[in-house]
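Lettered A, B and C in written order, each chain numbered from 1.
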Amino acid sequence: MALLSINGLVKRFGGLVAVNDVSFKVGKGELLGLIGPNGAGKTTLFDLVCHFLKPDEGTVIFKNRDITNKPPYVSAVMGIGRTFQIVRPLLNLTVLDNALAGAIVKAGGIEEARNKGLEALKLVGLNGKSSLKAGSLNIAEMKKLELARAVASDPELLLLDEILAGLNASEIDESLKLLNKIHESDVTIIMIEHVMRAVMKLSQRIIVLQEGRVIADGSPKEIANDKMVIKAYLGERYLR
Amino acid sequence: MIETVKTLAKKDKRLIVVSLVIAFTILAIPFVGNPFITHSFMLAFLYASLALSWNLLCGYCGFFSLGHHAYFGIGAYVTMILMLFYDVNPWIGVIISGLAAAILAAAASLPLFRAVGRWFTLATLAFAETIKLIFINWDAVGAARGLQLPVKPESLYWLTFAGPEIYYYLILGLLIIEAIILYRIVRGKIGYCLQVIREDEFTAMSAGINPLRYKTIAMIIGGLFAGITGGFYTTKYRFIDPFSTMDWILSVEVAVCGIVGGLFSFAGPIVGSLIVIPVSFYVRSVFGGPLGGKFFGVHRLIYGCILIAVVLVMPEGVLGWIEKRLPMSARISGEE
Amino acid sequence: MQAAILQMIVTGVLLGLLYAFASVGLNLIWGIIGIINFSHAEYLMLGMFTAYWLYQLLGLDPLLSLPVAFVMTFLLGAVVQRFAINRVLNAPPLTQVAVTFALLLIIRYTALMLWGPDSRSTITWYSEKSLSVGSVLISYSMLISSILAALSTLLLFLFLTRTDTGIALRATAQDRVTAQLYGMDATKMYTLAFAIAVGITGLAGALFSTIYWIMPEVGAIFSVLMYTVVVLGGLRSLLGCFVGGIIVGVVECLSAFYITPSMKDVPVFLLLLIILVIKPSGLFARKGAL
């Protein structure tokens, strides 16, 4: 049984069709890379899954339940954790308070949430800074904090939106190790990424989006050789 | 602030002594001071309890309500009506007042929270004024004339006393109980969620927090305590009318107390009330009563001056200002 | 019965025009500077008193004091903006609300202290006279004031659309940063905008002085009316302001007639609440310029 099933999702913004009849299934334990040129509709797709946007057509089924039209705050409780392309830490609160936000709804009380938050911070390596204000972190740390918050909610499905953007090579390697670790603890991951080597290295399966449509879906090797993908990224000239 | 006090107390025994002295002074005022001082501090405690319940939505959640006094007014009226028309015991009356106010708060939340940002403040104002206007024109509950409790012999059962002394302890007791309950709420899950909503409602939602749910909870709890406070007001003053219990100036006064003391600390509203209200009480008595000549309203002018001064010069309030200057970082885990 | 309703509607429309004109300033401040000026109605009160004192001390017909009322409130507005409002432009909304509210208290209660709570009125040669159009009676005062209000609005509209300063003001409203890049001094613009906005309202106050009781606390009543007009009409829409004003005027008059005069503002309050909840952006809201 697929953990997440996306069926015929369509989202229009005025005349622009951002997501155009997208369907795919994600099984439990997969590590799926979602790639495509800018503006392909990847973030919009995430927004639809987490109900920050309502689809014009189509359904989203998670753990056998139709979650298409639920309010935005339901996804975290249902087991979907998400990071955002532009990080939004709560600057005036401490790092720990930021992390425990993910845990607060499921937790019995604030103490329990705090413990979960600390665990998540330990996982990403930020527990040394737990009582600092989030505003004092650098961008790489803020991304880790965002990840910690998502992880603190004990998600079954983790949606990562360009979590490696803006990081240097060593930071990327560190993050990849972290993501592997999270994946090994039985968390299904879908990651939107532009850092190709990371996606190729980490994912078992890649879906390519272009102009709101799925143009390819397969293993990294298959994708690398897919004509449509090459055309989408590099243009016709590169097609042999 | 409380954390600050605790941590500092561990380091500095002198602070414990100072706290005890303050506590002792507060308890001793009715015995030492004249009825005038007692009355003004009793009023300060009343406002403190209102300011505390108001700050749950304002300081902790970021929603500035100027309609909080409506719950106070309803509470005052409910207890008055129960005592006057149905001979209900005031101790029971104040509980029912609280519940009535809480129900009103629950009903009001639905429309009010649909107004966003600054419009919310305006909406709360309009809401409270509508209630006042309704009561002004409602003959069955006294309309503009108000309602008056008949004179009764002194008794604890009927909460009737001649001077302000017993009421002083009564309201102080209310304040302390309310503070304890609210403190636990604020340090717990509800308080945390409110603060996250205040910081960034969008992020709160993505973390799974339902903003409307928590805002409504804050509104209801705030309304509950304001209603109870209103009930006790009735027992002390024995006369109420829409102008003394439902006028918007009450919310302004409460807001001034909160802002002066510091919105973002728990004890801020209390400290603010203890400063602003006795001063205002004094000013009012010096410059003539409500019907006294040219200086009617001077205290409101002073509220305006204090408010603008504090906001421009000391926006974090008295308590925030003090905290900034404390030697030790008081911020343990973002909860202030 | 029908005659009475017609009477109410006509009165309501005329009154509404005046309300609209009084509220334009609030709309301008909201649109150009971006804050809700909670103290706005107090400038109306000041305009009323300016007209009153000129009438009382110099025997001047209130309508002749229009320029003075405008200038006095304009100057006050400039001072207030420069020293208070400007400092909280980038502060959280709570602070802005607090500052404008504090100003309300200061202005209203200084006036109360200086002039006492009694209500006064101005008596002119046309105070008691009315025009009859069919079965409807229109008081001269109201008619004259409304016409002057309409004229003033036209002038304002021309100023905002035809003069360089006016266009500059609207540009600052749309995009502060870009306007500054083009060399416009934002502070000066805001001060000008605020001063004009409250000046207009002061002028409106002078217009009201012939038809309304003049007292320091009159702001309490007018503020609700003005908020409703602005919220109804929507941000940055002059037309919206007028439609809003007329709606409020008519609702108020009909309420006075159908319910009781003392409750005439309750439906307006309710209207405000309803609009805030249903469509806070107003009936005519658009992102464009005035």
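In this text, contacts are C-beta pairs under 8 Å (C-beta built on N, C-alpha and C of every residue); 3 or more make two chains touch, one makes a residue touch a chain.
Quantities reported herein were computed from a predicted structural model and do not represent experimental measurements.
> Count the touching C-beta pairs: is B-C or A-B ahead?
Between B-C and A-B, the larger count of C-beta pairs in contact belongs to B-C.
> Computing the C-alpha centre of each chain, which chain sits at the greatest distance from chain C?
Result for max centroid distance from chain C is chain A.
> Taking each chain's centre as its mean C-alpha position, how far apart are chain A and chain C in Å?
Computed value for the inter-centroid distance: 51 Å.
> Please report how many Å separate the Cα centroid of chain B from that of chain C, as a whole number.
33
> Cα centroid separation between chain A and chain B, in whole Å?
Their C-alpha centroids are separated by 45 Å.
> Can you tell me which positions in chain A touch chain B when the two form their complex?
Within the complex, chain A touches chain B at residues 50, 52, 71-77, 82, 84, 88, 90-94, 96-97, 100-102, 104-107, 109-110, 113-114, 131, 133, 149, 153.
> Could you list, by residue number, the parts of chain B that touch chain C in their complex?
58, 62, 64, 111-112, 114-119, 121-123, 126-127, 129-130, 133-134, 136-137, 252, 255, 259, 263, 293-298, 300-301, 303-305, 307-308, 311-312, 315
> Under the definition above, what is the set of chain B residues touching chain A in their complex?
Residues 187-189, 192-193, 195-196, 199-200, 202-211, 331-335.
> In the complex, go through chain C and note every residue touching chain B.
35-36, 84, 87-88, 91, 93-99, 101-106, 108-110, 112-113, 116-117, 224, 227, 231, 260, 262-263, 265-266, 269-270, 272-273, 276-278, 280
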